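Read through the structures below before going on.
First chain A sits with chain B, and in the next complex the same chain sits with chain C.
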Partner chain A sequence: MAQNTKTRSNQNNERIALIQKQRKRTQVQNTMLAASGILGFILIWQIAAVSGLVNSRYIAKPLEIVNLFIVKLTDPNPDGAVLGVNVMSSLAVSLSGFGLAVLIGVPLGLFMGWYRGFDSFMRPIFEIIRPIPPVSWIPLTIVWLGIGLKAKAIIVFFAAFVPCLINSYTGIKQTSEVLINVAKTCGASNFTIFRKVGIPSAMTLTFAGIKVAIGNAWATLVAAEMLAASSGLGYMILMGRQFGRVDLVILGIVVIGAIGLVISKLIDMLENKVLGWKKL
Partner chain B sequence: MNAEKQDYKVVVKNLTKYFGDLHVLDNISFNIRKGEFLCVVGPTGCGKTTFLNLLTRIYTPTKGDLYIDGKPADPKKHNLAFVFQEPSAMPWLTVEQNLRFGLEIKKLSKKEIDERVNEIISLLGLEPFRKAYPHQLSVSTAQRIIIGRAFAMNPDLLLMDEPYGQMDIKLRFYLEDEVIRLWKKLGSTVVFITHNIEEAVYLAERILILTNKPTTIKEEVIVDLPRPRDVTSPEFVEIRKHVTEQIKWW
Partner chain C sequence: MKNEERRKKKSGLNVLNTYKFNVGRNKMKKLIAVILVLVMAMAVLAGCSGRKETGKGDYTRLTDVETTFGLQPFAKKQTLRIGFFTGSPLSYPFLFADKLGYFDELNIEIEYVPFTNGPGMLEANAEWDIGSMGLGGLAAAMKGYGFKIIDITDYEENLALFARPGSALAKDPANPENWKGTTWIYPAGTTAQATLVTALKKVGLDLKDIKSTNMDVANALTGFKGGTGDGLAVWNAIAFKAEDEGFVRIGDSGSLGFKAPCGTVVSPETLEEKRALIETAVAVFHFTVDWVKENREQAAEWYLEDCLNEGMNIDESIATRAIDWYRGPTMEEYFELYTKTSPDDAGLYTKRELLQAEKDILVGLDFFISQGNYTNEQRAQFLDEKLIDPSVAMGVKEMLDELEIEY
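For the complex of A and B:
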């Protein structure tokens, strides 16, 4: 019996090791493909720009963008702030709006999905707020809060809040009835079941919602900054347009893309921590 | 009479359940002795699962009631455990955390939980899988976690709803023996629902045969064969045939 278990344990370990090895191989392949995809894209871009296929009034060369990136690190012209300041000001807005959306939206969604009475109470308000485009709050927030951090953070909040709430709501609604019954037969109270079964079950969809939310947050941030700001990446893009500086516009876009990527990766890391059991 | 009553773990009195107009259980009364292994068989859709769900208060009865140790059944007060038909290990918990799940809900001391979990892990030979997640294991091992989790509760009453419904015959024999071993070792009272008659005769001390809806008890069959039971012995075959006849009768 003991030997039997031992062989089975070995078999299981072998199986897991094999799967992990295969997974690593596909991971390497995927990274290679991703890198060559980006390089290929930049190459085509450079060729198109250098060969005159596209008018240089409409597009800057990739190398010019790199050059401008280095220059903008120390030079506040033409929009009035160095790149670092723009990035920090955009990050402050997007992260505070997004953070607030996660902190409020996720628990609210979970509670609404679990407690029927609370759902009936909150749902009508939410359904009214949901279809309002976040950007349409801009005039009001400017009147209320000016054009500072708070006003823009609120607009970002509205954009990021909806997917956080909807996904955690749907996620917890999908909790398996059997797992709830397991906890129920152990004598768990409704709140304990919520905490020990509902919330863990909802995490997969919640994280999907958070990823949508960070995308929404950036999209709205740029819109908000284009309308009312004195610094920030959106503001920089707007200034680029006004001065006819295509390179500045593209630099803004690229930096936003890069920051978005970094933040998604950070969220992925957190997700791996919470939902790591799925990926073993 | 009174002394006899003391020995009953579960008393079911005039249990009746309607779902709207659908009459599922009709005035069922029976008792289960402490430490007994009771199998419940009946035609598909006869309300076996409804009956278990009433015992655990997932449903409330329309009429009548169930008493455990003389008090109305209540999962908050009584120590119940349930093995469901479907896989019901928490996918986000490791084997060990799954075994601890019910005990932590019962708020037992850490020392007590450690002891019980270690005992179950060694009884079921789960040591190599202690840190594994259910989806990394085979279906049968995952089902053993669930059975282990149920026995770890040291339940007053262990309810099993066709736990081996989806397994092949070899695994089934293996897990049936395992359940018997755990039952003997821990002295739990077990109600085991199945539609597999051979399984019922193999496991039970007593079999309750249910009728079609509205369900009543058709017959009680005492199985006093020695263990381990031989499924090919004439006595075994005879009981199996009898139970089959009774189910087929309507």
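For the complex of A and C:
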């Protein structure tokens, strides 16, 4: 009997090891595919630029971008700030706008989705604000808030706020009736059900909204830095336009993309931590 | 028993078929993925392939037709697409000439492609044949696009600096202490910044002594009105608007002696394809500059009409002032700019003497170089490649001399 249990336990361990091995192999394969996709794209780009298929006036070669990246780490020319300063400046704008959007948008969406009266009160205002393009707030923002960080963060906030609110709203609306009824049967109050059943159920969609929001925040960055800036990645792109420097524009775009990717991965990690209980 | 075997066989076949189907489906997925990646890459590259070739046109001229300036019309209708700087007088003689029928009688149709800034115009260069812009745009056109500057269309004197009424700076702009630590709003990397630096130099300061914030001109005035900043550097109609808002003009490119030429650029390919047409249009432009100087009221009326059509918020008074400040060169001045030569004032370029047009553009370019926006190597390259190109001026002169037209 004891030997049987031992054998079964060994078999299980072998199975787990096999599954883990397979998962690792799949992960390595996926990473390789992702890397080869990026490298393939860069290779096609380099070939097209070197062969003259694409006019060099309109697109810089990838190697030139790499070279400029290294130069910009220490050289403030031609836009007046080194890359590090530009990155920090843009992070300050995008993360303050994004952070504000998450702090306000997510709880608001959860409350609107759970409390019908609050939803009826807030929804018309939200529906009016929702379709307004974030950049159209620029003239009013200048008048109301001047041209400092606050004004730029508000432009980014408008872009990031909508997906945060909509996704948390939809997420909590989709809470299973069965779970709600079980909680009710156990004598939980409405607020306890909201806190212990509604919010955890809404988290998957909420995180999806947050990921969309961070994308929107970076997408609006250039417009926000058009408002007024003396450094930042959007500003660097604008100066690239001003001086006919396609390489500077592309470098700005690539760095924004890379930072967006890093932040997105950080959000993924946070999601895995928060929603670990949902995963198999 | 037989049934059992048949069932097993059938089931085996099903498994095999499913396997084959799955393998086929996976192959198809991979094929579609590869095709999609290729299509995406091709689409991206096609988007970057640049301007389309239009081919050389038929520029035969009619010799027996009388026209206003004595120029010969084209036998076939010609179309010239102009990158038009809305709101800036630098390109308006084209529009006035069109209104006066000068292009029509030469069998030239003008297509306007309006822009409100140089970088935007340059990016959309496939949409126009020639484009007129300010000094910042001219430098970018040479560096980023290899375009040739074939004409000087204006000398902007209304690049203006404003301070708040009652401020120490407004009361005494000659005192450097009043400048130190002030916050200035202006479009960075433009002639407005160059004007500000010129004013700072006059009181022994530079950009490090003040705080700078980059804004486009329209937003800069809105921000300044909203209470942001101590100083504002803007141009054109926005400068007059700032004046009308009660802000104090403490200097401008005209009074500070900063030369800010505006010009017309063209790609080498288009110049080769449409040289006859471009030369004729440039000749008409400079004849029309004479008309503007004698008919400022009518010019201001048409300027206002166009600005309002393009959605700019200006009035009659601003339009009149904008035309009053217009300093486009006449035909004679244009020829002088592209023929008179003298050594490089900075002493950097010694291979040949420089044209006056080159020297005027270098004044602004040297400022951009001092700010780290361009390099001296690029300066030398522009001159080596003769990107400030006198060939159109020479062509126009030859044409007028041949036709015995006075200028």
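What we mean here is this: the second predicted complex is superposed on the first by the 255 of 280 C-alpha atoms of A that agree within 3 Å, B and C clash if a C-alpha of one lies under 4 Å from a C-alpha of the other, contacts with A are read in each partner's own complex, and residues count from 1 in each chain.
Going forward, a contact is a pair of C-beta atoms (placed from the backbone, for glycine too) under 8 Å apart; a residue touches a chain by one contact, two chains touch by 3 or more.
Computed from a predicted model, the values in this text were never measured in an experiment.
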One more residue to check, A:Ala223. First (chain B), second (chain C), both or neither?
neither
Is A:Val143 touching anything from chain B or chain C once the two structures are fitted on A? First, second, both or neither.
second
Is A:Asn181 contacted by the first partner chain B, the second partner chain C, both or neither?
first
Quick one: classify A:Asn12 as touching chain B (first), chain C (second), both or neither.
first
Should A:Ile65 be classified as contacting the first partner (chain B), the second (chain C), both, or neither?
neither
When the two structures are overlaid on chain A, which partner does A:Pro76 contact: first (chain B), second (chain C), both, or neither?
second
Could you look at A:Phe243 and tell me whether it touches chain B, chain C, both or neither (first, second, both, neither)?
second
Common interface residues of chain A with chain B and chain C?
none
Can you list the residues on chain B that touch chain A in the complex?
56-58, 74-82, 84, 86-88, 90-94, 101-102, 105-106, 125, 127-129, 132-133, 135-137, 153, 159
Complex contacts: residues of chain C adjacent to chain A
37, 41, 45, 48-50, 119-120, 122-123, 136, 139-146, 185, 188-190, 212-216, 219, 222-223, 225-229, 368, 371-374
Hey, which residues of chain A end up touching chain B in the complex?
1, 4-6, 8-9, 12-13, 16, 176, 178-179, 181-189, 192, 196-197, 200-201, 203, 275, 277-278, 280
Help me check something: in the complex, which residues belonging to chain A touch chain C?
37, 40-41, 44, 48, 53-55, 57-59, 76-80, 138-139, 142-144, 146-148, 226-230, 235, 238-239, 241-246
